[in-house]
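What follows are several structures.
Same chain, two partners: chain A is paired with chain B first, then with chain C.
Right, the complex of A and B next:
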């Protein structure tokens, strides 16, 4: 039996011949591991950068967003489970988009960035790497929307082609990770630190699920960790939960919970804390941490006003606002 | 001296005493069965948690025919992945059959 061991993510799946990894798309055929969805995305959309969400990276830019089937996490509340919890051979829709075709399509649509998103792009690593390299050569940027459950060595190499990442830090509690996502916390924290070391622009998302990860003490610890390890200027997005997939027994996150979480994180020292999935919330806009000037106004994913100066500063106090704006 | 309320819980209630006196061997056997069952459930759950937490434990079966068919038509690719190595003997220990 010529089994192989996958080294990509902390699961370290040992896969016998004819079997797939836990992600469903890395398959052992003839004693060699195959990336079966390479160049074969099942989802292609053009989204605004704010939808990722990335609020401090080329605001308002259209992003060519792709995903293949498969995921190395199995979150009970997954919002893309029709895509993420299936193998490539189970998908009704598969597009043929090898890296050169992908780049051609992105440029044709006027996109200056490619987002690897929806499912977790870690599992289609090779496709991301090759497309990312080509995108850089063509002057496009790469954004990576991930849960960050990846080993350090492959991530460090991948960072060569990544410009920005939104990492979904699902909770600051290993028990939550094990129960709700089937993963563990520490590798995600390690991935965040690795990305920071490698100079990738990072924003963090935390989906608040009522009673499971909305404890203020946990939120405070998470915010302090982000402040100390990633920097006080790291944007943190608190996102509203909606019941779906295997977690329909809990209600949507109350607005008050999101407000309290935002206040707690700002009190802990984070300067840019946002509220997402709530239309028209004040916490969806960017304010100067020094004098409170509205810098970028947003309504949902749309930018209503942009008051940043040409050199990315607050127009009132001249404070430099962290991000990749141009 | 413990509080009288606490004492009430420490000392068997008067109504319990006749029950204890009339314990039959079959009641003891039943209690034993309950204890063994609870221990078995605990052991089963604990083993499951340990296995789930182990690295290298995850792999899945898949519809190989469907995959091959899609690879042949070009809908999926047979591209070699990065980041893997042939499993060592130690790693394949415990690699069981999946239904």
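Right, the complex of A and C next:
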């Protein structure tokens, strides 16, 4: 029997008969590429949309969130390593949930969206695609929470079923990507541009790790790239690092680092820059970029007030606020 | 003497038969239990009805 090449992500794993790719779940069975976790998620939760985080997409909506084991990145600071750094057969439990079962459960719980999240859903691509297609037919939306390490061709096809994505842009430095995540930067930037071209609503997250990716010059370059390639209205979330997995030697991100990063990105021209993983931070709310009116107030993942007009504008200056609100 | 010898042979035969029956019973019990045994190398498969979607969790994303 012959080896197969997985063309899903830039790793391009050549998988021998009976073997698995770098993600652990894409395997060569009898010369055919299969994802072992299709229809077998290991995590299913109902979260608020703000947890993904998506702040400009159906605020406050409950999202039926699923993940299977496996990931095509191996970040030293992974928060979900017990899920992402295992193969499906290594999990303590899996659910039997083919796409119709998922949809039935999501609808029963009153969810209008399905999130493919927690691990990187790129590795359970076929499951996302089939569930996403069915979700659209049933009137639900699909949100994709990813590190964006995927080849352009499969991504373009997947965009047919995606409505929104939060892409974790881990640093604006290829060296960081290679050292900390085992991936590379350029394919992630390409994926962001592809999603924009395909009309997927995009928000970007950047987890700031002290001394590794918190350099203000790097943050400025990243913010300018987002402004020029994705648009000044693209929300950017700076997220606080907590020491875990194989990176316990560094402290949590200081609050002032998050504040400086937010200011730097706003000075570079981004209009909606948020601070995450910090309860009660001013940067967790949405403000009008023109007159500073509080548009959506948040406490953690919860919405405290929503002052957008019915046609998604600032109630003070009438500025149209970008997003998918209704 | 002859009676003692015969008695000893009978006892041996009886013990052999008991031993055989014991083995047979053990094999039967194990055979019946095998289909219900959980393979510790495999994850536990649950139906969606067993999931608690609202349980607190610390997964990011």
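A few notes on this one:
What we mean here is this: the second predicted complex is superposed on the first by the 325 of 326 C-alpha atoms of A that agree within 3 Å, B and C clash if a C-alpha of one lies under 4 Å from a C-alpha of the other, contacts with A are read in each partner's own complex, and residues count from 1 in each chain.
We adopt the following convention: a residue touches a chain if its C-beta (ideal position, glycine included) is under 8 Å from a C-beta of that chain, and two chains touch if they have at least 3 such contacts.
Note that the coordinates shown come from a computational prediction; the quantities given were computed from them, not determined experimentally.
Three-chain overlay on chain A, with chain B and chain C fitting side by side and no clash. In the superposition on chain A, A:64 contacts chain C only, with no contact to chain B.
In the superposition on chain A, A:96 makes contact with both chain B and chain C. Contacts of A:88 after superposition on the shared chain: both chain B and chain C are touched.
When the two complexes are overlaid on their common chain A, residue A:290 makes contact with neither chain B nor chain C. Judged by the touch definition given at the top, the superposed model places A:11 against chain B, while chain C stays out of reach.
Once the two structures are overlaid, the count of chain A residues touched is higher for B than for its counterpart among chain B and chain C.
In the superposition on chain A, A:309 makes contact with neither chain B nor chain C.
Closest contact between chain B and chain C, by C-alpha atoms in the overlaid model: 5 Å.
Contacts of chain A with chain B, set against its contacts with chain C after fitting on chain A, overlap at residues 40, 88-90, 94, 96.
Considering their complex, residues 1-8, 10-16, 18-22, 24, 26-27, 29, 31-40, 87-90, 94, 96, 125-126, 129, 151, 153-154, 178, 182, 184 of chain A touch chain B.
The touching residues of chain B, counted against chain A in their complex, run 52-53, 55-64, 66-67, 69-71, 74-88, 91-92, 95, 98. Against chain C, the residues of chain A that register as touching in their complex are 40, 42-46, 51-52, 64-65, 67, 79-80, 83, 88-97, 101-102, 105, 109, 115, 117-118, 145, 166. On the chain C side of its complex with chain A, the touching residues are 41-48, 50-51, 53-55, 57-61.
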